[in-house]
């Protein structure tokens, strides 16, 4: 397959091209005298929007959200964004594509991250804590889920491997902090590694990220806390006080109740973890806003509604 | 033992009497040129304050918080409150008193409440939910803890049996609401019965109510949710969707995140439960403020700092 | 008239039908090269949207908001919602329809509600309070307004009879609460019955609900308080202290100042009333969100912006 | 009577003097081995604190809060504040003093304020509004109450005549604003004059300022609105639209709901009035903080808890 | 040039006219099967919207935002707003128009405002403060910028001369307040004159108002404070205490930290200035909302999202 | 001088000892029938409280706050805190003590911190930024102030060298973050080094930490920004864009406006700096709370009012 990737499409403006893309949103809209279809596509190099202007009702039944499609499109420049006018579209056959070509994922080297992650586990001195971490992260099935999971739906790290990337960064910041502050390093690192683990139950798997019912009704902090508690109970003589402090690290990591913390941080480790989590999430969030600013001459990003600001690029 | 109860002490103003009381707080304070001891006492009819003005340092070593003491006191009227000046004090011997005489407890009939509670369980139609409730509440040891537990440390229902009293009231309001609104009555009643169950892990046992480490670091919503989930897992084929909704009832009952809800109510049952819980807690809180206003001619209670208001008694 | 009702229109997809509907909104919008008209219709079975794509400017002058129209429409399915493409439209003649067929109203039996309401009044023991309630609710003109009035513009109980339905529910919850808590039942019931009475001055009458100038500039709490005070002044020797407490019930029922309470609840009755009001309003609000979810396979409602959540339907 | 006034007492440090003062607070407190009495006194030149160290229980029964007492005191300097150690104290006889010597009151000339006030009324052009103002302010009994009333309990203008002083200032600012902005001057001035009028029902009369039950349960905005509405209803043909706008001025003058506004300002006049009220209240509040700083070398006032700041005096 | 002004266009409904306008926004939008261009125009009499329906992509390249264009338009009435359908459009030649005809500006007499402003400066008694004000405002270049600058981007005073108009009004209110309150008039007036001076660095110059990078990243309070401090440092022996208080006036004028005050007002002058600023900004903001309500029969303005209200026009 | 240090005094309970201490607070209080003096002392090993019970008025005139005194005291244990009953006290002679023995200061090695600090400066690659940092930190007088200054009055790092310690930690965290995130390392490190520099103008020098007038009225962010801007202006051709970004780092480091940020962070560097600052301040704050818990068997610290929590020590 000779596929033109999203990142290269700007070179084909005002041309018709054939390509494959994954559909993440399909929405009928009303125009004048007729309907049209609004589409969001994605491949591993990024997202792109498109429209079916003609014969919308008929064509939209030929494929569904979450599927890879083969399509012929006119590439147009709309408000300084590249956009696709769909001429033909059909569901792609399984043998026509590799699903991995269509899933945005971390730009970091997964093997390297994996190595770093397990080296950090090896550095833990407390045997019980090390056992707990190995029990969870050496489980192949869990690791597969964990290392594939995004860390968020629509803000920072919202791509395959985002959870691993975020978790490792937070753990590294905590590792660094353990040099500076009189913390229990083993508990802090373990808390960092497990703080968002419940997200593997909170999001549906790819290609389209969405909340599970459990994610919406219970949430990742409680799910992660419960999971870890269950695993610790399977370790003979796991010290109750250690477990209690690890649980506190998980349920307090959002820092303030109005931001979803069940309890505010009440240990020095929980305080460090909260700020390490925030630093990584916010910094990577800003970074993604910057990456999304495709016009190289722009001095400011689009308005960031969530935080009520623009980001300066100059 | 011919003990004068706290509720009758106002009849002995400016007299010296002998009596027994339980010590809930003992605090050394500095006066002029010497120290004195500030004491909080309680018996089942209510709390009362006192002081050791003379020989404070020596006398305070003769007893501890949480113990019943025998004492000779002068009853004085201080700022329209009855207060005790301690002349003699010593630890009481076990055979000198019944501990139950010194513990404030619900004024409601515990047997009646117990009957009402189990009748409500019997009215549940869903077999799984009924099994779950029976598994928890027919466990004699758990029932003993549940029916003795206070519902709060210093606001509404802060006495033995307070948790049962509050839980039953909330369940009754929910039962009434189930006539008015299209709710799943079984889930709603079960949610009401279990919403604060985690408090049996959150408070230390009497005589002095305080938070456990688990209570402070994890909190009753997460502890109760985890406990119920564990119990449900022991029931063969317990429907996962039902469990998920029951869990949501527990973790959302505080209604708003800034008040400690892990999630806001997202089912109609969770909405009803939240307001039933609030109504009972707030109304009984106001009622306790009114009861604490001992001066029968007062038109207003003391200032209620928590809610920034006085309560009108007129 | 053989009218197809809104609730049955889904059976006529892709067909042209003739029917009658009441217009609640008419808005000119700009499409491409021409304008079109966006319409909201309603009949007693619910609301439905439509468009005039052709000849919009001419056709939109043939009728006004608030009128019943006769129309020929194509029924289409747009984003899983049934929608009407208007082919012909004209103002309906008075003899062609019954206005009552077009007004959404309470699904409850109004006679039954009326009976329940007056039985509650009869149960009041305080003569002055009973006189006051009778003076207000036995006034035929006021009753007509009260029993027709909606309880809100766009959230809970926004239909004919909504105010009566809501008021009765709140009064019943208060009646139930009066068994559980040491309240002055007469004052509490009267407060419940009158708490939203000012809404008859706050909303314009049907068919289109909107605020009156008085509603926007003064609001229903102050208007209701003033009205009740005036009525009480016409009763010889009405006890001033009772009046003061009834007034407090009305002006404090929103519970918190930032939600529009003039004062926070400062009596036990005002505390109960506030939570009874909240429980009914919020629960019925959630219920209406659930009813609006027309797709029987949906597990979640649309996003509830007001409360920042989805409601789970599973 | 040759009375030493509070403002001059600093000249008598470490001397015993005889004088007369009004008691505003009397509170029994516990010291070591005995009780003492804490007293707050006042005369028209300001407040001063004192203590009865000896024979406290006996002496405190000889007088009550709100009474003028004759007393012999030792004047002491305590923490850079002048304070009185009471040696003798008894209730003063009516013929021994003029009550007006003991009531703090506005430093402004009341006759001048009265003149200014009525001249502003005379400048009103709308006959109905002028009638309304005259009906209220030319009523001798109401004027007596209004011109004696404080404008607050413990913040700005908390002295006899404070309400008149504040009201006149707000009206003058509004008068000035009416030159700058396209407002209805008559409505704005009337709103200014009546905005706090309900305070005559909110505070008990001197010598000790406190809230009435009506003040606490209903509050001055609603009471003032109701009073004005009643008065307007007694004027033949009073224009309903004018009345509605005047009512809006009163009930919205606090500006934001969380600060007690029933509605936010929705007219240009209400916007002006809100800021004029705020400017006068806050500026005079700061001014009173500055006046309370008795040490002439101090560069900062005491901490202003209400606003979380110190005020700079340099 | 015989130009039809925006304010008169309503007289030409459904006619084609030729005119000149300044373009403030040009935005490509997608319609059905084709794109169209949305335009915002302005002349000195106000703003008006328009569209290019045909040949949009070609025509939109003929002119830019910020330019004056010559155009032929059809005047249409859309949702009770006058709107322009563009038939022809081209960049206007410099000799075809006067730029001043296209810039909205203060309706007040600039010479009169200038006179009033400098008379106020002349009334300052403190030589240092007067020197400082003259140094800043008599600098011709600075005055040109200051007197041309708007006071806001999209709320009150967002037109040429808006900053001068707002500053003068605030200074006049402060001048009036200096009669009523014991303030340092010289410092207060100077603070008023300089409080928003930093806005000359915060906004780009006309014709299109937008933030500078400095405005977004640093803001007008800090920029204004720094500028004044620099100017004062150039005056020999400028009293440090005076400078400190003037700086405090500038950095605290927003009143509350969440509204951007660096410090809350801690002097009586800063308190007055804050409320004077608020009164003028809010009142003129309401006034502009009223002016924008073009339908003379409307009783209410459009919804004011910023303040969550409608403004009553009746 | 053979001085017993505060940290060793617990060994002398119930003994009289002679020692030297620095007085940080002296306050006359009223006891029964007489006054006493409450004192706060400090030496470099920590703070301790004391009282003068006898002859208070005479003795308190013999010394002032901020002076070192010689004193004979009885060491007592009061509420599990060591406290001093002062028997004799007099101002110490300059030759009797070294002032450095009485000033609490950082426990870190100042030379090491200094080395680390300047090595970080050396690692800066941008010549202008390096020049700026050297200009500021190589100025001996400024360095003396900077390296002596506390970082806060009563929360984290409130001791000599606290500002250097905090600044260095924040810079190190930023240095670590510069490996993880695509930031401009030079600007980030410079921002970290200068973010709190204005505190050298905000606090009075030791021995007693308090705010300067400038600190209260203007604050360290604006003072620091202005100082850096001045210094940069003295460097030929300092790039304006770099300066603007450095200024933004300083004025936005508090992160949110309600916490005193003039602007929210709008660059990726400002985002990192804000969280690095928070992490260090909060973690060291928690650490100081833990250090203050002197009872080795305590499981919880005293209540931390500022953050509404206890800290777990278990």
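In this document, chain identifiers A, B, C, D, E and F correspond to the written order of the chains, with residue numbering beginning at 1 in each.
One rule holds for everything that comes next: a residue touches a chain if its C-beta (ideal position, glycine included) is under 8 Å from a C-beta of that chain, and two chains touch if they have at least 3 such contacts.
As the structure is a prediction and not an experimental result, all values here were calculated from the model.
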Q: Just tell me the minimum hop count from chain A to chain D, counting one hop per pair of touching chains.
A: 2
**Q.** Given chain D and chain F, the chains that contact each of them
**A.** B, E
Q: Identify the chain pair with more contacting C-beta pairs: A-E or E-F.
A: E-F
Q | chain A and chain C, separation of their C-alpha mean positions in angstrom | A | 43
Q) Centre to centre, by mean C-alpha position, how many angstrom separate chain B and chain E? A) 60
**Q.** For chain B paired with chain C, centre-to-centre distance based on mean C-alpha positions, whole Å
**A.** 41
Q) Which chain A residues reach two or more other chains? A) 31-33, 213, 216-217, 245, 248, 266-267, 310, 312, 314
Q. Hey, how would you classify the chain contact layout here, line, ring, star, complete or other?
A. other
Q) Between which chains does touch occur? A) A-B, A-C, A-E, A-F, B-C, B-D, B-F, C-D, C-E, D-E, D-F, E-F
Q) Which chain C residues qualify as touching chain A in the complex? A) 31-34, 36, 51, 53-54, 78-79, 299-300, 310, 312, 314
Q.
Touching residues of chain A toward chain B in the complex: what are they?
A. 213-214, 216-219, 221-222, 225-226, 229, 244-245, 247-248, 251, 257-260, 262-263, 266-267
(Q) Looking at the complex, which residues from chain B come into contact with chain F? (A) 27-28, 30-33, 35, 213, 216-217
Q. Residues of chain F touching chain A in their complex?
A. 169, 172-173, 176-177, 180-182, 241, 245, 248, 264-268, 271-272, 275-276, 278-280, 282-284, 286-287, 290, 307-312, 314
